[in-house]
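First the structure, which I've put down as structure tokens, then a few questions once you've had a look.
Order of writing sets the chain letters: A, B and C. Residues in each chain are counted from 1.
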Amino acid sequence: MTSTSHRTSRLGRKRSESLVAYGFISIPMALFLFLSVGIFIYAVYISTFDWGIMGPTKNIGLDNYRKAFSDPIFLKAIRNSVKYALLVVPIQSAIGLYLALLVNSKIKGSKFFRSAFYFPSIASSAAITTLFIFLMAPDGVFNGVLRFFGVDTANLFNQGAWLSDSRTALYSIIGLNAWTTSGTMMLFYLANLQTVDSQFAEAAVMDGATRRQVFWYITMPLLKPAHLFVVATGMIGALQLYDQAILAGGADGSPDYSLMTVVLYIYNACFRKFEFGYASAIGVILFVIIFSLTVLQKSLFGSAAWKGDN
Amino acid sequence: MSKVRKYSFYSLLIFYSILTIVPFLWSLSTSFKPSDEVYQSNLIPDQPTMKAYATVFGKIQPNFQTLFANSLFIACGVVVLHLIFAALAGYAFARLRFPGRDVLFFVVLGCMMIPDQLRLVPMYQLLVKMGLINTGPSNYLAIFLIKAISAADVFLMRQYFLTMPKEMEDAAKIDGAGPFQLFTRVMLPNAAPVLATVAILTFQGTWNDLFWPSIVLQSPSHWTLPFGILQFKGQFSTDWPPIMALVVLSTVPILALYTFGQRYIINVQLASSAKG
Amino acid sequence: MKKAPIGVSLLALALTLSLVPQARAAEAVTTISVSTWGSSPSETSALKDAVATFESRNPSIKVDLIVDNDHGAQMAARFASKTPNDVFYLDAGVAQDWAAQGVLLDLMPSITTAKFNLTKFNASYLKPFQSGAKLFGLPKDANPLVLEGNKDLMATAGITALPKTTSQFASHAKALLAKGITPMCVDADINRLGAYFVAFGGGLASSTNKSLLSSATSKAGLEWAMTNYKSGAFKTPAQLSAGWAGEAFGKAKCAYTMEGAWLDPYLKDSFPDVYDSMIKGPLPTAKQAGSLAFTAAYAIGKDSPHPKEAWTFIEYMTGARGMTVWTSFGVAIPSRSDVATPLGYEVNGTVAKLATTVTTPAFKGWGDVVGAFNNEAKKQIQDKNFNVKKAAAAIIAAAEAAWPKG
């Protein structure tokens, strides 16, 4: 391919290929530049203003950011969102992987189990959360099951009020979302598992590797693209927790702001206090958090999958 | 597999299936219960009634038919947009070489990290200036504009195109196919599984989305199903059967789509960077 | 092109002709949109009926009623796009925040022109909507908290009448708890417990919007409430698996609750048996009688497209005739002195007229105080072994920390 005799035609081909490529990406890139990058810059601009319902009043520089970091409720929201993401992502990824391995093995009814496991992922969060609130109520089904196993729920430290006790509310939502999202994560792992060549594993077994060794040294590394995708999308999704928080804890993320998330805080700044500039500033901070975590996680997993195969 | 192992394996599968299915059976059961049975723990209603369904098809404003039509229209529109733009961009990023490719792809990846809530204020301001926040039909355009393109879908599509063997392309090139023919005749037909995946995931995401419709759609005649559920829940606080009827009715299309499309989704191969 | 059969053409012509006069009549009709919130189907249908009487008296105005799920957020979105509804409900608690944004229309010019008599309104119901000489809303109704009791559950513990004083409540609570019945369901919410601050001689905010929470009397009220939470005489709706106190009461999970007139139609809809065994009375008194009253207004936006027709609507709905029709359905009681309290709501009406029934504060930032109070209160209660004095002090401190400065 590097022979010099073809250089001119290769150059010509390169140029026409570039033109074609620009043709392909022109509209998508224009949309990205307009709907995401442009909007992002506009958000940064708005975030430097005292901006109410009727529009901007005055430029206040970085005051919105200063205000954010001196508001204890906002700091609590950040802590909640990060804590939630750091807990829910590994749990839902691990369950997703485990489920994928389960249904990927040649078993009877794997199709049924696959559908069943994905089931919670398909309904809307509004519907699921409503259901969940019912199940987790002090006299709901969950406590009924606990009582069946001999747990005296009325004398538990939270009296069985899982969602209305600040010590268990966030963990309950983590449980809910690990349950609903793991189905999606299972799908991504399944997709990757289909591409994994079973020869490697078989060869390893022939060499005397144990199942555990095969899993950790062969299967796990081969699933790297799925790990990357599952953790990246999971993290971004988790930091945007909103529907479940407002449905279970109301706009204040009650009790004791234990369900106050960054996004819920943005929502409140916008629609309860009409501080559009302030809301934009929080949005920018959220972006910075997501960006840093993604970069961190990228360096943890290595960057191979982010690059092309040239 | 030993017998013990097999039994524990299956009981695990069955246990988790119960965890995933029973809550939904409860909502189905509740939708057929008369009001005074809602708080009882029986799964099969003693006196099943269709009253809740009569309510959602007739009494509520906007009724189920309107909500359903809006959800379907918006979801289908967004699916078409995502398919076109993700296929175009995904193909170019995966199979074509051009100056600035890595930079532009990095921009796309960056867009994946921009939270929707950051876009809330500026996007709304923009839509107002464009005159798209109104009670007329152009209000739908606002939703289509917000959701026109998805960086995640471009990423997924690119990863898939990366895995396609080069020989396939080369064969078509020898036959004298131009780049666009190559795209439409060779790449797209072979990308059916990933296209189906993008379509299904986009449909599902748009169908279930609550955030943007609740902010953008101004007229009740434009509302979508999840928004309708929430509205209805607000108005009829604890009248569970009709709420659950709406939940059931709004989940059925997604369930059908998934059952139909699952073989495509499963076949999607996430790109492996190891090859190439 | 195929010719249309002559019959079809004639039919089309006939249709067109028949539509013309109607279309002309329709030109004179203005449709105004009115956005509201609703807590029960009965409430919404009552409003529809009241609106229908307006439409029949004003054939040139048609009303398009919208029931919002999250009225505040949806109105904010509409204000930002400069497309507010012609008329909308304005909650007293947010009125000052909205007014400060400059999105509300001052009603004083219309009031002056129409010679609309404001003196018929209880002044404290007007106050939340006033800013200087401007008035941004007319109170559509009012709603004080009263005590509701479930006769059947009370009878189980041998109780025949509602408790009149806090000490009577204490003995009722003991009797009910002995029978395994939760005495009272009330949320740990300043908009409920505040009634006891007043009953113990304190209050929420002074006339200049300064905090009264840390006064010894308010503190005594809060400590009394916290003692009840600790003994189990009070339970929050969440502790009883209910979305709100009315639901817990409807499910017969508590003998008493303290809500406003909105409870009645809700019970009638969802829990008719409990509705039949409900009795109402004033809240138990301590040093004095005490209750909180809530109000909401009809308002017009600065950018509302039909301000003239909107005013006609408000003038009717908040006038004696419109308010009589609306309150006759028993969702709320009148905010005007010249409208009689509806049948079956005499208790609510009497409580509303008491001098010690105070309207909830309404100033910019009050929402933050409510949020801080409620969050801290719920946090304190979740620990079963909380110390009453310490818990009350922590709640008051949290609320005062959120109090707007200056």
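In this text, a contact is a pair of C-beta atoms (placed from the backbone, for glycine too) under 8 Å apart; a residue touches a chain by one contact, two chains touch by 3 or more.
The model shown is predicted, which means the values in this text are computed figures rather than measured ones.
Asker: Which category does the touching pattern between chains fall into here: line, ring, star, complete, or other?
Answerer: complete
Asker: What chain is the most remote from subunit B, judged by the mean position of CA atoms in each chain?
Answerer: C
Asker: Return the chain pair with more inter-chain C-beta contacts, choosing between A-C and B-C.
Answerer: Of the two interfaces, A-C and B-C, more C-beta pairs touch across A-C.
Asker: Which whole number of Å gives the spacing of the CA centres of subunit A and subunit B?
Answerer: So the centroids are 16 Å from each other.
Asker: At what distance in angstrom does the C-alpha mean of subunit C lie from that of subunit B?
Answerer: It comes to 38 Å between the two C-alpha centres.
Asker: Hunt down the residues of subunit A that sit against at least two other chains at once, touch-wise.
Answerer: Those would be 267, 270, 276.
Asker: Considering subunit C alone, which of its residues make contact with at least two other chains?
Answerer: Each of 70, 73, 77, 80 in subunit C touches at least two other chains.
Asker: Counting only residues that touch at least 2 other chains, which ones in subunit B make the list?
Answerer: Only 125, 230, 233 qualify.
Asker: Which subunit C residues qualify as touching subunit A in the complex?
Answerer: 70, 72-73, 76-77, 79-80, 97, 101-103, 236, 238-241, 367, 371, 374-376, 378-379, 382, 384
Asker: Along subunit C, where are the residues that touch subunit B in the complex?
Answerer: For this pair, the touching residues of subunit C are 37-41, 44, 66-70, 73-74, 77-78, 80-83, 243-244, 247, 250-251, 266, 269-270.
Asker: Quick check on the complex: what are the subunit B residues that touch subunit A?
Answerer: Those residues of subunit B that touch subunit A are 9-10, 12-13, 16-17, 19-21, 23-24, 26-27, 41, 85-86, 88-89, 91-94, 96-99, 101-102, 104-105, 107-123, 125-126, 145-146, 148-149, 151-152, 154, 159, 162-163, 179-180, 183, 204, 207-208, 210-211, 225-226, 229-230, 233, 243, 247, 250-251, 254-255, 258-259, 262, 265-276.
Asker: Taking the touch rule as given, give the residues of subunit B at its contact with subunit C in the complex, in rising order.
Answerer: Residue positions touching the partner: 35, 39, 124-125, 127-128, 133-135, 214-215, 218, 220, 230-231, 233-239.
Asker: For subunit A, which residues count as touching subunit C in their complex?
Answerer: 52-54, 137-140, 158-159, 161, 163-167, 252, 254-257, 267, 270-274, 276
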